[in-house]
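These are the structures in question, set out in turn.
In the two complexes below, chain A is the common chain; its partner is chain B in one and chain C in the other.
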Partner chain A sequence: MLRPSVDDHRVVGLYTGKIVSGVGLLMIVPLVTALVFREWDTAIDFGIGLTVCLAVGLGLQALCRTSDELQRRHGLVVVSASWILATALGAIPLYLSGHMGSYLDAVFDVMSGLTTTGLYLMQDLDHVSNGLNMWRFILTFAGGQGIVVIALTFLFKGVGGGLYHLYSGEGKEDRLLPNVVHTARVIWLISLGWLAVGTTALTIGALALGQAPVRAFLHSLWVFMGAFSTGGFAPQSYNTFWYHSLAFEIMCIIIFVAGSLNFAVHWAVWTGERSELRRNVETRSFAVTLGIFTLIAAIGLARSGVYTDALPLVRKTFYLLISGHTTTGFGTVYSRALVTQWGPLAMLAIIGTMVIGASSCSTAGGIKGIRIAIITKAFVQEARRMLGPDSAVVTSRYHHLKNRVLQDATIRSVLLITVAFLTLHAIVTMAGVLAGYPFIEAAFDGVSAASNTGLSCGVVSPSMPGALKAVYVVAMWLGRMEFLAVFALFGWLWSVVRGR
Partner chain B sequence: MRRFITACTLGIAALLMPTIAWATTVSSTQLIEDPALWDGRTVTFAGEAVGEAMTRGDDVWLHLNDDAYVVGTIEQGMPPSGYNSGQAVVATPELAAAVTVFGDHRHHGDIVEVTGVFNAACPEHSGDMDLHVTSLRVLQPGTAVEDPPDAGKLTLLATTALAAMVAYAAFALRRAAD
Partner chain C sequence: MGAGSQRRGARDALPTAEQVLTLTTGLVTEAAFAVGLMAACSIVIVLVLLAGG
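Moving on to the complex of A and B:
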């Protein structure tokens, strides 16, 4: 390995500084919210957070000025370094609020927000300020699009090259347009379009449910951000169980399913290619696996006899399963009810959906539907090859934005990431069992963290062991980055120490 | 003879226990951890009303938290003591009207005691775990909560703002030099 030069470090520092400054500027939104609602103490917390981000971000840019171009080897390291700094600095206002048990808890919540996981350790959520709640949802909304995507949209100029490696480092590979900066802007255009429509619809719904206008708007904005980013944060500790409304649940489902779709599919539909939605292998894979796991969960619940009528059974099962499959993490049952009412079979079905997750290049986590589809097609192709004559040439095709032939190289890379995800799930489950939790509960919350889902059956709590919190923080990060950017950072550090 | 009568009375009472409306005081943790045990039974539950009352036709949903913050919020000086926990209850608009202060950042809500029938998965309310209130009383009225600026944090803000200005000056100078 080549030891990075001083100029290499400068390039990494310069771009990391830009992204950290961008994250700091995001704090203006909760700061203004706190000022509008006269939450002075919260406003000071965000003033401190903002100025620390700017001091670090601008300081890095001043120290690391260079004319060297951003290259591939820098891009992934910048992404990882930015996420670490953004998480550490983004935790400042949470910690200062007094609602966190420790700085690690604050880091946990920020990592959970940025990775759109939705697990939280914030205490007394039902009494937090509007400013603090706004920050939780800004984190999850920004994290859903990607903090690098934000920086590419507003702070960067250029046409590609190394910028593509910044973009892909956050787990997004599909370019919507040839220019990566334009791609980032289109992602924001799609998200903001949905934000306007979704928040309006939810606000009308919340007003009808009896919420006061300001609260209805804030709740709707936040629920939209939690849903579209497949984040799962909610403004009340009761999550979406708070609303007790079928109409509200349906609107949430529409929004988080939209958030779980590939941005390239959104763009195709926006530009008139509506058939992409039907033909894309990811949406097909999602529909099939959702159907299978919903059926398994319904069998489990029917056996346990919790819901005596069909309508509640269907409503609760479908909502939680689709929430798990899109890796959103919204729930309409108490967390512990998963253990005390739903039972192991239904919990296993939800774990299955969380492991798979939704679409690539979306806000969702998990292995992703396209990889499940490719692995399935690879198995079928291999079976056909074994059963066919020796001279037969067996090929397999799939449709993802265009018709593609399944290549061995694609299968290899898909299997590599899938094995990495499954290993991560095994490790977090083992960590939970080692910490003293029953296997099924350790698996449920562990997989939820690693797949960036956010559903919990009660393992995640402020009183859980600190070491397990740290394991979950790393798992959320690895799951969101899809490993490569994190491995690149470790490789970079290794080459600093041992490189030639 | 007296001992015999007492034994007979206790025996009959034990036999009738599951069927008579016996209002046991419970916590949300008891209800959530063992919903089957309490399903269909009349229970008494007390907690802080949070958020708002939400009306659905003839029903009003209230959310009552019986967690550590029932005695005061973090802004009122309570140390972080775990998650919120509580129970969603359904009351008539007349009963719910007694609750006037709901807990949020600026308020510590009314402490309310309700008695009613607990449903582990209410068929009337789409399988929600709820409690159908038959009586409600406010044990302690809610209060406003102040959120004054902390002097120590103001000093810290001045320091970090200075650091940001120095960083900006250095950044501007380097950019001008380039």
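Moving on to the complex of A and C:
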């Protein structure tokens, strides 16, 4: 590998500095929230965090000033480096708040927020200030669209080249429009459109539940952000179970299913191509796998006899299954009830949904429906080839935004990412078992972290071993980046040491 | 730019009624997709319950 030149480092530093500055500017929202609600301690924490973030971001830009263009080899490294710095600096206000057991715990929660995982180690969550809560949800909402997408939307001008590699480095490949900056803006348009509608609907629901208007609005805004970003953070420790409302749960389901759709599918539907939702291989794959795992979970729960009536069985089973499949992580049962009441079969069904995840180029995590569909089609194609005459030319087609022919190169890249995900799931499960947890529990929480879901059966807690917390932080990062950007960063560091 | 041109520019930047209708229909279609999934899976669960697991 070629050793990067000083100019290469400058380009990486310059763009990383821009993105870190952008993340720093996001702290203005919780800072203002804290000031409005007269939470002075929280305001000071965010003042410190904002200052440090801008000092690092602007400092990097000043140190690395260059006129060189961002190239493909820089893009992925910038994304990875930005996520590390954004996590480390974003953790400052959390750590200063006194709600975290250690700085590692704060890093865990920020990585969980940015990657839209939803696992948390924050203590006394029910008494967190509004400013701090706002930061948790800003992190998860911004992370859902992608911090690079934010930077592309508000900070960058230009049309492409290296900017596309910044965009794709966050695990998004579909361009909604030819210009990648315009694509980023459309992603924000879709998210803000849903934000307006979803928050209004939830606020009406919360008011009907008897919450005071300001509280109702804040809870609704936060629950929307947690749902649409498929993040799973909620303002109360009992998650959405706290509301005890079927209407609220249905609204949450609609919002997180919308959040789990490919932004390109959103754009197609929003511009009049409504049949895309029905024809797209990814939404079809999602519907089929959801049906299969619902069947498995329902059999497990019916056998265990936990829910004897149809309504609670439907309500609890479907909510957790779809929450797992969209990798949201909202729950309406106590964590430990998964182990003590649901049992291994229903837990395995949820693990299956989390492994697969939802759509590519969405806020969701996991292997992604399109990869499952492509692998299935590749198997069928291979079977047809083996059973057909030697001279037969066997091809498969699928619809994803347009009609496509299944190519060997596509199958290879899909299998590579899938194997990487399965290996990661095996490693995090093994780490949990090594830390002393039973296999099914280690697998459940490990897969939940690596697929950026956020459901927990009780392994994730402030008292879990520090090494396991660190493993989960890396797993969340790898899962969100879909490996390539992280490998690019390590390749870059390797070439600095050993390059020619 | 004159005041008239600015007003025209601002008016052009606003979405048309047709665009708003298309966006709203799109949003409702996505919500209906989620409700459809909910209905289909509820039937599966109830059938399993009726079959006794």
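Keep this in mind: the second predicted complex is superposed on the first by the 500 of 500 C-alpha atoms of A that agree within 3 Å, B and C clash if a C-alpha of one lies under 4 Å from a C-alpha of the other, contacts with A are read in each partner's own complex, and residues count from 1 in each chain.
Please note the rule applied: a residue touches a chain if its C-beta (ideal position, glycine included) is under 8 Å from a C-beta of that chain, and two chains touch if they have at least 3 such contacts.
Bear in mind that the values here come from a model prediction, so they are computed numbers and not experimental data.
Applying the stated contact rule after C-alpha superposition, one finds that A:L313 touches each of chain B and chain C.
In the superposition on chain A, A:D45 makes contact with chain B only, not with chain C. Residue contacts after overlaying the shared chain place A:I299 against chain C, while chain B stays out of touching range.
Once the two complexes are laid over each other on the shared chain, residue contacts for A:T340 go to chain B alone; chain C is not touched. In the superposition on chain A, A:I250 contacts chain C only, with no contact to chain B.
Applying the stated contact rule after C-alpha superposition, one finds that A:R215 touches chain B and leaves chain C untouched. In the superposition on chain A, the chain among chain B and chain C reaching more residues of chain A is B. In the superposition on chain A, A:A55 makes contact with chain B only, while chain C stays out of contact range. By the document's definition of touching, of the two partners only chain B reaches A:F241; chain C does not. In the superposition on chain A, the residues of chain A contacted by chain B and by chain C overlap at 313.
Taken in their complex, chain B has these residues touching chain A: 32-36, 50-56, 61, 63, 65, 67, 69, 73-75, 78, 80-86, 88, 103-105, 108, 120-121, 123, 125-129, 145, 147-150, 153-154, 156-157, 160-161, 163-164, 166-168, 170-171, 173-175, 178. Contact residues of chain C toward chain A in the complex are 22-23, 25-27, 29-31, 33-35, 37-38, 40-42, 44-46, 48-49, 52-53. The touching residues of chain A, counted against chain C in their complex, run 193-194, 197, 250, 253-254, 257-258, 261, 266, 269-272, 274, 277, 283, 287, 290-291, 294-295, 298-299, 302-303, 310, 313-314, 317-318, 321-322. Of all residues in chain A, those touching chain B in their complex are 39-42, 44-45, 47-48, 50-52, 54-59, 61-63, 65, 67, 96, 98-101, 123-130, 209-212, 215, 236-238, 241-246, 306-309, 311-313, 315-316, 332-334, 336-337, 340-341, 461-463.
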